[in-house]
Amino acid sequence: MENLNAVQAKEMIMYIADKIIEAKPMLTEVDSAIGDGDHGIGMAGGLTKAKTKVEKMESPEDVYAVFHAAGKAMLMSMGGASGVIFGSMFMAGAKGMDPVGEIGAEELAQMMKRSLEAIQERGKAQVGDKTMVDALSPAVDAMEASASEGIVPMLTRAEAAALAGVESTKNFEAKFGRAKTQGTTIGFQDAGATSVWIIFKSMKEYAETH
Amino acid sequence: MENLNAVQAKEMIMYIADKIIEAKPMLTEVDSAIGDGDHGIGMAGGLTKAKTKVEKMESPEDVYAVFHAAGKAMLMSMGGASGVIFGSMFMAGAKGMDPVGEIGAEELAQMMKRSLEAIQERGKAQVGDKTMVDALSPAVDAMEASASEGIVPMLTRAEAAALAGVESTKNFEAKFGRAKTQGTTIGFQDAGATSVWIIFKSMKEYAETH
Amino acid sequence: MKKFINNPEDVVSEALTGFVDCYSNYYEKHEEVNGVLLKNRRKDKVALVIGGGSGHEPMFSGFVGKGLGDAAACGNIFASPDPGTIYETAMAVENSKGVLFVYGNYAGDNLNFDMAEELLEEDGVKSTHVRVWDDCASAPKDRLTDRRGIAGDLFVVKIAGAACDAGLELDEVKATAEMARDNLRSIGVASSPGQIPGLDKPTFEIADDEMEYGMGIHGEKGIERTKMKTVDEITEYLYFNIKKDMEINSGDEVCVLINGLGSTTILEMSIAYRKLKELLDADGVQVHDSDINSYCTCQEMGGFSISILKLNEELKKLYDMPCYCPYYAKEGK
Amino acid sequence: MKKFINNPEDVVSEALTGFVDCYSNYYEKHEEVNGVLLKNRRKDKVALVIGGGSGHEPMFSGFVGKGLGDAAACGNIFASPDPGTIYETAMAVENSKGVLFVYGNYAGDNLNFDMAEELLEEDGVKSTHVRVWDDCASAPKDRLTDRRGIAGDLFVVKIAGAACDAGLELDEVKATAEMARDNLRSIGVASSPGQIPGLDKPTFEIADDEMEYGMGIHGEKGIERTKMKTVDEITEYLYFNIKKDMEINSGDEVCVLINGLGSTTILEMSIAYRKLKELLDADGVQVHDSDINSYCTCQEMGGFSISILKLNEELKKLYDMPCYCPYYAKEGK
């Protein structure tokens, strides 16, 4: 894949949704260990809505509109902190962009970067606060650094960076999230970061095969 | 003791009160096995009030007034079914009687008989319903049958009859009382019947030594 | 079970003091006995005195108010108040138009309230009573007077309070309250026990996956213990049992109370109400008014009951009169 | 923990349906989202929209009423409603005089309500918010905005509702509600956990003889875990902590709420109130009004909190305005 067109963006979202729905039990387990255990339910529900939404876009012509619709569907249905955070991951970077039929690696990286900024602006989490930002931030860095290599290599690096980010969350103490546990959270990975990794992994897998 | 005078009636009530207060833990245990465990607290509380009340009667001149005052103090303070029942045991038979300085065995027996009738009228319990009536009713029968022998022999027989009555309650299933247990009550003695026995035992002990 | 108390023996008196302190805009405590008195009460009507054992809060002390009880006589936990308490409480609020006592039908309460009525009679104060026996699981229909009073007490207090407010005479108020009582059925389900402060045994024992239909509000044995069911199934069973006991026909108007026994949440009871409403709709029964609340509790017992009051013209008129107390307020229609 | 539910996933929607069915004389459900709307609301005033996660009933849906919230946006259990739900709920009740949102200060709620405000702005609807951070145990005083909102929410809703009713403009209502928020402190104690329907773990774990000061209403870690104390000792500690945080002087007038977290009884909380009143009396503080109730729960969690609202002329006037909903009614003075 050289560029990502609007129809591919739609298919990519649908592919991500399937993978997140598949991972629902795993995400539940991860969130249960130190959170309130609802992250799998929330993400699976949100991405089901996103999938339904983009499925209805018959022959989409604007890549950004596809991402925006998916993010908005999540945002408007999930609730909790993660609804806004993960909705923004797809929506914020696509918001207000001029319609385009396809985007390259550079645009994709920039879109994710804008999303990251919006997420941090809204959620106030920094790297090291044991949130999804710990996976998204290095993934965005990796995208920016490797965008010139093309979409597939870029997403491959992004996935690896996200996974390392997930690992890093084990070293941090949680600062966000409503149902903090009583004990330490060190040694446990963050649920939202895990979702970020699954999303990048899915994007890469889709890109590799299309 | 040939007759019971008003001062002795007062002392007898005080003696009963001390014995019931002594028996509080035992009565609690008995009521706990199949009831709600408050019988010891209730009886001890009621007889403390009765004792305080008659203690204040400096040189009482009416035997019935002493019993009535004691019963009323119990009745007006104990609450629950047993307040009325045990209050009536002292009060009902003394109520409306012409004042007398002392009473003989016959009068004592008749007083208890009137109390029993009032208790059954109010409480509707029959012998065999596993209540204090199972001890009081045979005790009253014994009193009537042996009144001619004098107070001490009469109370000795009454105590024995009450104790046999307590034993008999083990064979019955409870029909009264607010907090019935879930299982069977057979094999357990009734708390109220136990109190009746202690009361007769105390009356006898007092009479023997005065 | 951990309790927020000081000395177990002081629970009732300390709680009454605090309760009356808290609602001192409305209530005062009787100086001598455990009676809660309404401060600014109407003086030209039959006095409504309610009461019973403590431990079921807000029942009974919390239903003293305008258009409700004029006073509540409070016993120890799960034990009837003594005749002295009842007598003094009634004397403090009676206005020479007589006293109606409304209380749950339990042996201890019956004995003590009867005794109090005798004391009032000796003083020339007219009084009478209505015993509430709404729990249709507590005895068969041919032994109505053996049935216990549970959350349905509230409806009888509401109607009796309105009848007093409407200026009815003592015998009329009594007849009206009895009409409410006779048009009323309740039945509950329990899932976990409550605990009396100071005692170390819970009011009953039940397995982790079990529940019991028809259990009483002191833990009295119910009619059937079974594995935990869905709330829809439970609601269906409860409604079915009420209908078996009291005719409810299409076109009837009813008031409904879903009453929590202590620790069951409004969230859960709302789901029960949803099902009950479906069943009532299917039967063509119209709900005039309804509540979901924990009005008659058994300490922190888990479970809830359904109470249904069938209205007629007269009951409806009285139900629609306004009432106010901190725990139960109706605007009136 | 046994729950009276059907499918865990349907709890919130089924409960909302039942709740609105039960109080259909007052409420209607938003057709598309989990919003509870007041039926006969005034149309000439700022709209007050409250909300947050479900599971704390009667908070928030139960505080929709006259002189209170015009609507409540309800999330899943212990999770903020999404911006769509908040937006649609607000749109259903706004009357072109703007919308004030009052909610507890939690990361998720802040994110979602902010997002909803942006959506309203895009549609030209003015809105603003007051976040309640009354729990003085949840963060030190120099990090006020990190504090959580607990039972004190009710006081801010009461004052904001009265300010709306009094015809104040949006910015004035906001300023008044903030004044209430800033004159308000709460702190609680927990003795046993609640449980989210469908989850098999309780919200926290605690030993049989322990309690925890300052625990949050979702089981958030408190400030001190200790052996169970007497309620007098506990009340003293809680009051002491509030006084450490907010100046309370002799002659001050306050409103007080003792709020049960789920399974703690009115009996126990009345004993706590008794002690609190003694302490306030000793400090020369006058109680203008007070309540003992379970208004902001954490499912069947054991424990209670104390909330104190310090009055000034303006707050008192607004507090004394009447309000009515099935769970909270004040007659007005």
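Order as written gives the chain letters A, B, C and D; numbering starts at 1 within each chain.
Methods note: a contact is a pair of C-beta atoms (placed from the backbone, for glycine too) under 8 Å apart; a residue touches a chain by one contact, two chains touch by 3 or more.
The structure presented is a predicted model; accordingly, all values stated were derived computationally and were not measured.
If chain D is ignored, touching splits the remaining chains into A | B, C.
Taking the definition of touch as given, a chain qualifies here only if it contacts chain A and chain D alike; none does. With chains reduced to the mean position of their C-alpha atoms, the one farthest from chain D is B. Rounded to a whole number, the gap between the C-alpha centres of chain B and chain D is 55 angstrom.
Per-chain CA centroids place chain C at a distance of 28 Å from chain D.
Taking each chain's centre as the average of its CA atoms, chain A and chain B sit 80 Å apart.
Shown here, the protein chains touch in a chain-like sequence that does not close on itself. The chain pairs satisfying the stated touch condition come to A-D, B-C, C-D. Of all residues in chain A, only 32, 36-38, 41-42, 75-85, 122-123, 176-180, 182 touch chain D in the complex they form.
Residues 53, 75-76, 78-85, 106-108, 111-112, 114-115, 196, 199, 201, 203-205, 218-221 of chain C are the ones that touch chain B when the two sit in their complex. Chain contact summary for the complex, chain C toward chain D: residues 2-6, 11-12, 14-19, 21-23, 25, 54-55, 57-58, 62, 77, 189, 191-192, 197, 208-209, 211, 228, 230-232, 234, 256, 258, 262-275, 277, 289-294, 297, 299-300, 302-304, 324, 326-327, 329, 331.
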